[in-house]
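One structure, pasted below without further comment.
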Amino acid sequence: MTDSSTSSSAHQRQGRAFDALRPVRITRHYTAYAEGSVLVEFGQTRVLCTASVEEKVPPHKRGSGQGWVTAEYGMLPRATHTRGDREAARGKQSGRTQEIQRLIGRSLRAVFDLGALGERTIHLDCDVIQADGGTRTASITGAYVAAHDAVSWLLAQQRVAASPILGTVAAISVGIVDGVPLLDLDYGEDSACDTDMNVVMTGAGHFVEVQGTAEGAAFSRAEMDRLLQLAEKGIGELIALQQKSLSK
Amino acid sequence: MTDSSTSSSAHQRQGRAFDALRPVRITRHYTAYAEGSVLVEFGQTRVLCTASVEEKVPPHKRGSGQGWVTAEYGMLPRATHTRGDREAARGKQSGRTQEIQRLIGRSLRAVFDLGALGERTIHLDCDVIQADGGTRTASITGAYVAAHDAVSWLLAQQRVAASPILGTVAAISVGIVDGVPLLDLDYGEDSACDTDMNVVMTGAGHFVEVQGTAEGAAFSRAEMDRLLQLAEKGIGELIALQQKSLSK
Amino acid sequence: MTDSSTSSSAHQRQGRAFDALRPVRITRHYTAYAEGSVLVEFGQTRVLCTASVEEKVPPHKRGSGQGWVTAEYGMLPRATHTRGDREAARGKQSGRTQEIQRLIGRSLRAVFDLGALGERTIHLDCDVIQADGGTRTASITGAYVAAHDAVSWLLAQQRVAASPILGTVAAISVGIVDGVPLLDLDYGEDSACDTDMNVVMTGAGHFVEVQGTAEGAAFSRAEMDRLLQLAEKGIGELIALQQKSLSK
Amino acid sequence: MTDSSTSSSAHQRQGRAFDALRPVRITRHYTAYAEGSVLVEFGQTRVLCTASVEEKVPPHKRGSGQGWVTAEYGMLPRATHTRGDREAARGKQSGRTQEIQRLIGRSLRAVFDLGALGERTIHLDCDVIQADGGTRTASITGAYVAAHDAVSWLLAQQRVAASPILGTVAAISVGIVDGVPLLDLDYGEDSACDTDMNVVMTGAGHFVEVQGTAEGAAFSRAEMDRLLQLAEKGIGELIALQQKSLSK
Amino acid sequence: MTDSSTSSSAHQRQGRAFDALRPVRITRHYTAYAEGSVLVEFGQTRVLCTASVEEKVPPHKRGSGQGWVTAEYGMLPRATHTRGDREAARGKQSGRTQEIQRLIGRSLRAVFDLGALGERTIHLDCDVIQADGGTRTASITGAYVAAHDAVSWLLAQQRVAASPILGTVAAISVGIVDGVPLLDLDYGEDSACDTDMNVVMTGAGHFVEVQGTAEGAAFSRAEMDRLLQLAEKGIGELIALQQKSLSK
Amino acid sequence: MTDSSTSSSAHQRQGRAFDALRPVRITRHYTAYAEGSVLVEFGQTRVLCTASVEEKVPPHKRGSGQGWVTAEYGMLPRATHTRGDREAARGKQSGRTQEIQRLIGRSLRAVFDLGALGERTIHLDCDVIQADGGTRTASITGAYVAAHDAVSWLLAQQRVAASPILGTVAAISVGIVDGVPLLDLDYGEDSACDTDMNVVMTGAGHFVEVQGTAEGAAFSRAEMDRLLQLAEKGIGELIALQQKSLSK
């Protein structure tokens, strides 16, 4: 059942500043069997990210001496306000799902030395338990931590001599709602925004992906600049949270 | 990675008696949007069961004045020791998945008065977060609680005048391992057992489903009787736990 | 066109006793090319069961030294009173079809020594020409005879040194209609029954599968006992018919 | 298992003249529920053709006042010497299957007045029980008889005032093997032939379909003329057999 | 949008004689990357035919020393008067598409010595840019020229010692409209015709395929003879045009 | 066959300046039946863009009074250096294809007043005849012109009172190759680049989409600024070319 009471975006922020993240929680070892298993929460959004090591690579990497890092994304049917179709029952993944899982995979590969990984694959599965906006950026942020745990496992098992991870990576959404640039949109804000931008950055402050879309009015260069600044601030905070979580 | 250290079934029971359930936890309101949302845990097995109300029915019930109760089942790719294929990516549900979701649906319909429900559907989604044996029986046990919460929501909304639920229902697995009948098999026991039986019963002590399979040697009538007794005991305890959870 | 004249179950039994099988006919060598080819008839139900030998095994058995026995099930579109969709045209097998073919495969494997079979597969195809209830149990009963003929062919060809068949297997449905336990339900009885149970047993009198479902009211332990007794009687008779057919 | 002993085409004819049909048998009322149900046999080729009446039409005929006649074709997995994949399990019909069922549908529609049929559909299901060449032409020949029985049923039920059947239709294959034009090829001849032609004709001696294919060497106009003459002879005989069968 | 102004077939012929082809243009090297790339136009019908060489063969030819020639056919969604579904989006090729691509493949293989080609595949892709009738016959006619260019490339690369092409092949449609036999039907004529025949012939004047279909009334032997004569005339002209194009 | 001679990016530019477009050609009325039909060429890249008007809308717009603009994208199998699989034959569109067609659709909707369009759909089909980099940006640029022609047709037919087009839209790719920012990458440059960015802008100089991806090293804010400047320059030129083409 969709909650029909629509609240103003001001209300939804519930006092949160325009440049503030929602409360972010990163829980490692959330499930028992995966080499890496992280529950990441951005406010009401909850995504389970697991990293699984497989000792083989897809055909295009066979014999190359290089490994592969890939991602799959899914949403439980009732993660959302209204129940959505189960993709397994419908028999195919939506274009949106494929777009997101390709994005997660590219983002993680950006911080991996595939040669140092060796001919094995790390599968990142990002499954949305509850969706309140920003599921793809939460997925990337959590998948990094899960991948890091899987690499620690590989090191502990002495399957790799040195970590193939070259740096950190995290992601956040930003957008313009009623003319106001906002960091970390929840579902209500995302539905109301004119411009929606997903930004993926490294710990070194460089861009891995920038995907900006004018949902309503096209956006100016000045607006873009302000959104990128907000994203840079948010990603800095996320990377600190990732490091803190991994240091435990 | 499959854990290659195989332990004896004695070890896996870890002191648990042959007729003891694993620790069972039922957590209601596990997610925020569904009309019913229950995390059910049987030891290491964890299943999220949501109940979603939809104000329409499938074609075979249209115009009948009756409602419908149906279930879907899925397993997250890394719920298991070794990562399994994502069914949405493969483009179809396995025979096993379909068999299980049909079983869950039939079991829940056994305690519903579809006429009293009215022309609406309750969708039960059972998604396995972690699998250590008994996922289908945990799903039925949890789905009952989620369905009950959805019915409470319907009553609170005054969409139904009286509850269409006719009784309680729960399920458990039993089996014979190394000649010993055991209640509530975990994954290791399930893999080693000669006979595996899933039993679904009502609170009134009647059978809704009995599915016994000889994985190894065929089983005698006497063995079957002992298994049914064990199941009856376990289901009695599960129904008490459901009631306790719902009374909170 | 569904025949709209509904007859009472008493009429449909046409004098048949509550514990009597319908007339059962087993015709070997029904088609010319398969290693085993059996038309099995339980009253108006007619199923063609063929056994095909293939000199390779599925991936999970390769290099194991063991063989495999597997089954597929189908229903001709107009085997039934009303024409059903052709599964090949619809592009997928129903959950019911998959459930049945998995049951047939498990039942037959219960009487096979896969090691003695060697690395080859016996495919059992059960295609329903006409359906009047009990198609899955007729399939198992007929598939056993077809598999036996295929094994005789393997012996004659000296591909196996000794028969990998460990015993006989047959199956029957039982159910409770209007409070009366009945053996071998036809379609009208099956549609009207409260409880429906499919039982698979060996010639030694042990259970391979028991699948009981409460279609209407849940069933008591006492009812279950009476149904199992009926099934035991019927399966004994079926096994005698299989032996007689194979002795010709 | 394919029979590896290859026999010369002379041997395979087993004394049959170059312009002789194999023994043709047409058995009406082969199954009990369909409005028309015919087992047609051309030598070892056996096809079950059922005609099912449905009181609605596909979208392109809705509201037109016209009916529709359509066909589906399938082959049981072990109808052939070597077991073929089950199309329902593979999830799609082959190009060959679709080509054949389109041909059967067009051929039958050629003798139907769709306006006189009224807004209903006759589904013709042609399922090959055993395949020894000529399955598509046997299907057309048998489907005509099944369709005729379904029309008789419609007349008896007073759903149509007059028969919508405008004439008879039958089909046969012809081909050139080792330079010799032959009527009604069996599987061995079909595999060995240079030219293969399927011909569908009406009782009035006109062509509905001619599909000639050079499997080996291209064929001359003179060869084509001889093949058409053979087909004309064979179809004349088939139409007489159809009439004889329908007169019983 | 379908042009609703229907013109008489006389008008559509626009002065073209009953036995005249539409203006035919064959443009080689239409795209840059394929080994053969031909735009073929029959009046308003335009098909792009590419030939691609691949240094491997499908499973049924592996290790045989023989090559393979195969075709795929597609129609751009708006090649036609009214937009059709995109087959890639719908997830399957229609029966018509499969029938056509099988026809193109067989026709081209009729003039290839697969042994002389060696273990490699020539893929012929026929994509209809604009459809005004006769797309399958234009495809065959153009694919021959593209295949010839691919063979010239193989010869120039010294991958084959001698051309595996045994002769020329071309195709045309003929039909009877309002009782008049016509050569090379455009879309309007094709929609109005009683009989439609596609004929594929070699340069030596022999038939590779003859596919005649009575869309309305069945056709007589005399009518068939007149259609074959027309086809023979048209194909002779097409083969001359192919040769002229290849001689440039 | 992929051309194995790799040329330096300097050579591939063939004297083209870092901030120069390839020769762009826009050919209107390329095919005859679509309401808009445009062949757009960016150097060797050629895409056929058709716009088809359909007098109905998808379910989510029914009864809304609003229209819809949507796009589909495809690539002919041999548009590329090496033949790719045909998506219709494989039975599904790749993630890349879906991502591109969603981008084209969003970009065009950004300049449409869906209310002024009325309850009808404009389908934009972008089919790549030859691919040498930049196919998605060429598609958007060409689709705008095709959509404009379709709107002119609607105006001429008096189906809409005023144009629903709010402004112009075009797209270009930019990237960094060997440290040098380049406008309008061809295939060789695209394969070699570290950063690849697709930019969609309106004639008013605002952004509709910005999609930047680090293929190799992550990119700095300064690099992003230089790429956006290049894109702005290129899109200004493309919009002038669109206007010039439409003014003919």
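Descriptive notes on the structure:
By written order: A, B, C, D, E and F. Residues from 1 in each chain.
Note that in this section contacts are C-beta pairs under 8 Å (C-beta built on N, C-alpha and C of every residue); 3 or more make two chains touch, one makes a residue touch a chain.
The chain list, named the UniProt way, goes like this: A, B, C, D, E, F = Ribonuclease PH.
All values derive from a computational prediction rather than experimental measurement.
The fewest steps needed to get from chain C (Ribonuclease PH) to chain F (Ribonuclease PH), moving only between touching chains, is 3.
Looking at the partners of chain B (Ribonuclease PH) and chain F (Ribonuclease PH) together, the chains they share are A. Superposing chain D (Ribonuclease PH) on chain F (Ribonuclease PH) by their CA atoms means rotating through 120 degrees, a value rounded to the nearest 5.
We define each chain's centre as the mean of its Cα atoms; on that basis chain D (Ribonuclease PH) and chain E (Ribonuclease PH) are separated by 28 Å. Computed centre separation for the pair chain B (Ribonuclease PH)/chain E (Ribonuclease PH) is 59 angstrom, with centres defined by C-alpha atoms. We define each chain's centre as the mean of its Cα atoms; on that basis chain A (Ribonuclease PH) and chain B (Ribonuclease PH) are separated by 32 Å. One simple way to say how far apart two chains are is to compare their mean CA positions; for chain A (Ribonuclease PH) and chain E (Ribonuclease PH) this gives 51 Å. Among the residues of chain E (Ribonuclease PH), those in touch with two or more other chains are 91-92.
If touching chains are joined by edges, the resulting network of the protein chains shown is one closed cycle, each chain touching exactly two neighbours. Only residues 1, 31-35, 37, 44, 46, 48, 50, 52-54, 72, 74, 76-81, 83, 86-89, 91-93, 97, 123, 125, 127, 129-130 of chain A (Ribonuclease PH) touch chain B (Ribonuclease PH) when the two sit together in their complex.
On the side of chain E (Ribonuclease PH), the complex with chain D (Ribonuclease PH) involves touching residues 92, 95-96, 98-99, 101-102, 106, 110, 197, 201-202, 204-214, 217-221, 224, 228.
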